[in-house]
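In the two complexes below, subunit A is the common chain; its partner is subunit B in one and subunit C in the other.
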Partner chain A sequence: MHQSKILPYLLLLPAAVLIVAVVAYPMVYGITLSLTDRTLHSFEADFIGLENFRKLLQDDRFLTVAGNSVLWPIYTVIGSVLSGFLLALILNQNFLGRRFARGILLVPWTVPTVAVAFVWVWLYDPLVGIFNQIVLLVGGSRLPFMSNVGMAQFWMALPVTWRFYPFVMLMLLAGLQAIDQELYAAAGVDGANMWQRFWHITLPMVRGILGLVTVLEFIWLFNHFDIIWIMTGGGPADATHNFATYAYYQGFKTFKYAYASAIGVVMLAILFFSSLVYLYLQDRMEIEL
Partner chain B sequence: MERKILFSVLILGAVLLSACVAPASPPAADMAEEADGAPTGKLVFWNHPTALEAVEEQQFWEDLNAAFEAEYEGVEVELVWVPWDQMYVSKINAIQSGEVPDMSFMGVEQQVEFAEMDAVIPVDDLVEELGGPDAFSGGLKYHWFQPSWSDEGHYWGVPYQEGGYLLYVRKDLAEQAGYSDPCPADWDALVELALAMHDPENEVYGIGLDYSVGNGTTQLYTTFWAAGGGQTLDKDKKVAVNTPENAKTLQFYADLWLVHDLLPPGVTTVTTYGTSTATPIDDWYNAGQIAMTVRNMNLPIVWERTQNPIREVTQVCMMPAGPSGHTGTFSQPGTLYIFKEANNPELAKEYIRFFYREEWQIRWAQVDGIIPLLKGLDVPGITDGYWYPFILEEQSWGARPGFWESHPKNLVAHEAFWPALMVQDVVLKGMSVEDALAKYQEVVEELYGEPCSPLVEGCE
Partner chain C sequence: MTDTNRAPPGAPFGARGFGWRLQWALRKGLLHLLIAAVIIVFIFPIWVGVDTSIKPANQLRKFPTSILTTSPTMEKYAQALGPLKLYRYMGNTVIVAGATTLLGLLVGSPAAYALSRFKFRGRSFFARTVLLIYMFPPMLLIIPLYLMMTAVRVRDSLFSLIVTDTTFALPFSIWMLKAFFDTVARDLDDAALIDGCTPLSVLYRVLLPVSGPGVVATAVFCFMLGWGEYLFAVTFITTQSLQPITVAVYALISPFAVDPSLLMATSVISAIPPVIFFFAAQKWIVQGLMAGAIKG
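And then the complex of A and B:
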């Protein structure tokens, strides 16, 4: 009897140790670090309370980054969810070559993000990029895609959206295929048009999955790093920095470890709240199912 | 049963922990043994790829190490290539942990900081053996051996490389614009020439400058800044960013974008040094879409080596004089130094002596595309270039952020790339020159005033 009480804890121990080592410890260490003045140059750190957070609020670059972080999910999450949903609806129809289309449309999800970044750098290239060649071909003048401070984040969102829509598409396609076709047949008998069938049957039936993938995409894309860092390094003029790239810049380019940790703590708080929303939606979806 | 499980967990934990424990001391085989005065043992050299063509550089070091090992029986050289962007972090970590290599290479700012940390040994004897400061090339004499780089009356490193920037003008485009002798004498002439060649309707832009919030803009801006008479610290080691000299330079540099609109579209994502990877300035220049550019002195060497036809249509010029009346360049001195905790410091000194033999020095200058380190050394492809006197003249006015006055925080200031951020604020964010200078006066004051490392004595 005694053995059966302790055995489950022992079996959980390796996983618990792993979680403490790779999640809990770095998180606590990061929070602790954010309350110090540690840099690469200061071998010992002094406790300075919330000073780094006060500096963040006075850092005009951080405020730019915060602004970017509001726009960024709007561009990328809405972009990937809308395009993924639209493609899922199309792929849910019967048409010739549907299987082939499903395969092809999944390809971006399989491409490493580093490769995506490099490909899009060349697509946008001001001198030899194919987009600018097309612009010139139709009589326009070169567009400085990634160096336009006002538009750089928008152009940056395209490759990210392209890379991340297949997940949404796949999840929603699975949801669409689970809808009982008799519902549509009954609606047809009642004289419902295509829009009414979508609004009153399709959307309510996939609402749970839609909410889930939206929150999940937000969590992934809010702190997206690699494509941004490779394509612009956060520039021009910080126009494409988000919290993740700016924290990296402060931590590993200017070596302000504590200051970078403070940015990480802000990011952690936002993502923690997002995770709560995700868990809530997940619970609700399980109840609905 | 329960005891068996607990025992197994303990054993597993012990095995995992043992895998994490580092050896307490270096292997005995790594230690130097002096027999009959001949150096023996293993030399660990952390280097960073600096040359234009990595294959040739790698071959150079393989050949040098093989020759060194052949001459000194029982000696082994372990060359460790550390990525460029980790050059500083790797050494700070090594110093903190006490597991340092025998010798390494880095910029001069690090030399002062490491000396203040008591992490490197003085190499006065080596410098004197090599002929003292007068034995080295003009630029090095100015920049290396002036008192600012020899702290506390000692030399802490031996020169490893030195270079600078030159102005490259497309002769064909200049001739079309009516300039047979296209080298501009001063900044006004530079703008005049650029405007004359600027033809955006036919996709020819007056000037192309590397842009990045890192080394790219920092180095180019500093090149103009040197000619403008600006500096970071005054003679009293006070921050002197907000000065009339710096104002003139910043205004001139920003006007190339904002007033004269001479740069091609998209140039703010075009960078050689940063993380962005769009078409490099060189490609624009080679395609004739940039009429002139400011680039490292080693381009003619590479062009000659690769027989690049671009050299036939290029006029290499000295950087034009700024309001100060003289030319200038970003100075690129690097240093070889020996760690205090090195296992084999004497072997490291012997290695540096070997590296300084004439045959290796000639080859090193050619491979790395640098000014020959020793004065009077003829290096085919470099010292016979018509542009070589230009770079020597520029070296007299070479600059780095915080160059002229030794300060342990020079490295922090340099690594912050504040000149690039300042240019960015004016060119891309619309800040006025006056506001930018006032802002970066405070930023740089803060950089120099940050808490000192406990290892840095005398840093207040």
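And then the complex of A and C:
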């Protein structure tokens, strides 16, 4: 460690300036905004206390969105963590073309979200989309996908899950490869079967990473905006809105700046708790390492 | 799930009975089939996207359609780059992503150096704060940022995107660089200091040059972030000629419009640079992410 009193602060200064200007100050501004009645058309905003939050609780659309926001992480976090884990286990096997498979399975993560949304709009095309063609070929009847209010959020979860599983896969694969092979050899001598080896060696060894990526995926997917906004804009009948798209809708389609900020504050409160969980898990990880 | 292909303990493989070997081969064959099936399912959307982009129009709306076109055409790529002038918007994206990369390194590396090599009050507070940025809801920031940028008249500019993208790239750039700096032996710093380097020049004379892979990984990460960013771009930029490709594609051809092949061609074009860059630096990015997201 170098000894210097001022230099480290000088080194951090540029980053600190950016963080204050783009995150910290706007955060305080946003929280203040949520306590006013500011819209695009109001030049002077009045302080109205918690009125916006009271209105949120009476806004049927917001309550629908809040309901969606419970289901949304369940679909997408479970989907991306399970598929990422499954693929990591597969890629940890020895097989021909493993490196190639790993490479190609990472592609969804590197493609811009806009392109992901476009591809899935086409896959879901009700008339000539490939999914409905497959459904018809196996003798089913056309699926309405995004036009069915009851199922829209489920179908929306697929492209988003597809974009986000590679991160889980990558982290868990690195974790799996760090497991000492001797452990499996010893378990083999003891006559443990495949399932027992998974349950008693693999799972405990990657538990820490699994917990961290699950929280991270929750945070990212909870915040996710791009793919939903491009594919449906939150429709039909608000079925695919989450907090993020609904806040954006209130802010930039109806221009209720203060009301949208109140939704942002609700998101901040929820994410604050998830961040604490994340930091706790990371601390525990550090002890284990 | 793990190593079905490893022979159980006991007699060597060759000494086992035919039945056992047959069973082993079958299991291994089955495993490969399963792997192939799973991988095909997961890459199917990419396959269809690329295939659609090179499919001639008359094959597009056939039932049943093919998933491997027999007469590929590059017509839509020519249309996207020619009449639609996609390269103009790509130029905006290159500026934003390039500047984000440069600034990400310029701002990130001194901060990473401080966190890796110095002991000072507030060190862990700063480290934590930086990490929390990528857990922050951008929706709370976007309205204040919109109003602030409008007030100082920088909103409808590439500058506004560069500043926000750089900030949101900071957690990754700082943590990845710190992880790579941490692996460099302190003896190198000390030797350089004895040779008359100032503590500041240790950063660019010693740490940055030795952590080449880390710098590349960080650069690629910032680049990808700047390249694919959509939320700020669609909100801040109102002048069409300043739109980056992510926004322009949507504006030029609505995804619900008539030409899926053109849409897929533009999507492929917009995806090629980040995909290539990512794969060039894949190994180091994984290292850096592990260090930043998991170990903290």
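Note that in this section the second predicted complex is superposed on the first by the 277 of 289 C-alpha atoms of A that agree within 3 Å, B and C clash if a C-alpha of one lies under 4 Å from a C-alpha of the other, contacts with A are read in each partner's own complex, and residues count from 1 in each chain.
As a working rule, a residue touches a chain if its C-beta (ideal position, glycine included) is under 8 Å from a C-beta of that chain, and two chains touch if they have at least 3 such contacts.
Predicted, not measured: the structure shown is a model, and the values here were computed from it.
Set side by side, subunit B and subunit C differ in how many residues of subunit A they touch, and the one touching more is C. Residue contacts after overlaying the shared chain place A:Val121 against subunit B and subunit C alike. Look at A:Ile90: by the touch rule set out above, it reaches subunit C but stays clear of subunit B. Judged by the touch definition given at the top, the superposed model places A:Tyr278 against subunit C, while subunit B stays out of reach.
Looking at the shared chain after the overlay, A:Trp162 reaches subunit C, while subunit B stays out of its contact range. By the touch criterion defined above, A:Leu216 reaches subunit C but does not reach subunit B. Legend: residue contacts after superposition of the two complexes on their common chain; A:Pro236 is shown touching subunit B, with no touch to subunit C. Shared-chain residue A:Gln58: touches no atom of subunit B or subunit C.
In the superposition on chain A, A:Leu18 makes contact with subunit C only, while subunit B stays out of contact range.
In the three-chain superposition model, subunit A touches both subunit B and subunit C at residues 2-3, 7, 10, 118, 121-122, 125, 127-128, 230-231, 252. Listing the residues of subunit A that touch subunit B in their complex gives 2-3, 6-7, 10, 13, 37, 39-44, 46, 118, 121-122, 124-129, 142-147, 149, 229-237, 252-255.
Taken together, the subunit C residues at the contact with subunit A in this complex read 1-6, 8-9, 31-32, 34-35, 38-39, 42-43, 45-46, 48-49, 52, 60-61, 63-65, 67, 106-108, 110-111, 113-114, 117-120, 123, 126, 128-145, 147-148, 163-164, 166-168, 170, 174, 189, 199-200, 203, 224, 227-228, 230-231, 235, 246, 249-250, 255-256, 260, 263-264, 266-268, 270-271, 274-275, 278-279, 282, 286, 289-290, 293-296. Listing the residues of subunit B that touch subunit A in their complex gives 1-2, 5-6, 9, 88-89, 92, 96, 203, 211-214, 264-270, 274-279, 283-284, 287, 289, 412, 415-416, 424, 428-429, 450-455.
Note for the complex: subunit A touches subunit C at residues 1-5, 7-12, 14-16, 18-19, 21-23, 25-27, 29-31, 33, 83, 86-87, 89-90, 92-96, 101, 103-115, 117-123, 125, 127-128, 130, 133, 136-137, 159, 162, 167, 170-171, 174, 184-185, 188-189, 194, 197-198, 201-202, 208-209, 212-213, 216, 219, 223, 225-226, 230-231, 243-244, 247-248, 251-252, 257, 260-261, 263-265, 267-268, 271, 274-275, 278-279, 282-283, 285-286, 289.
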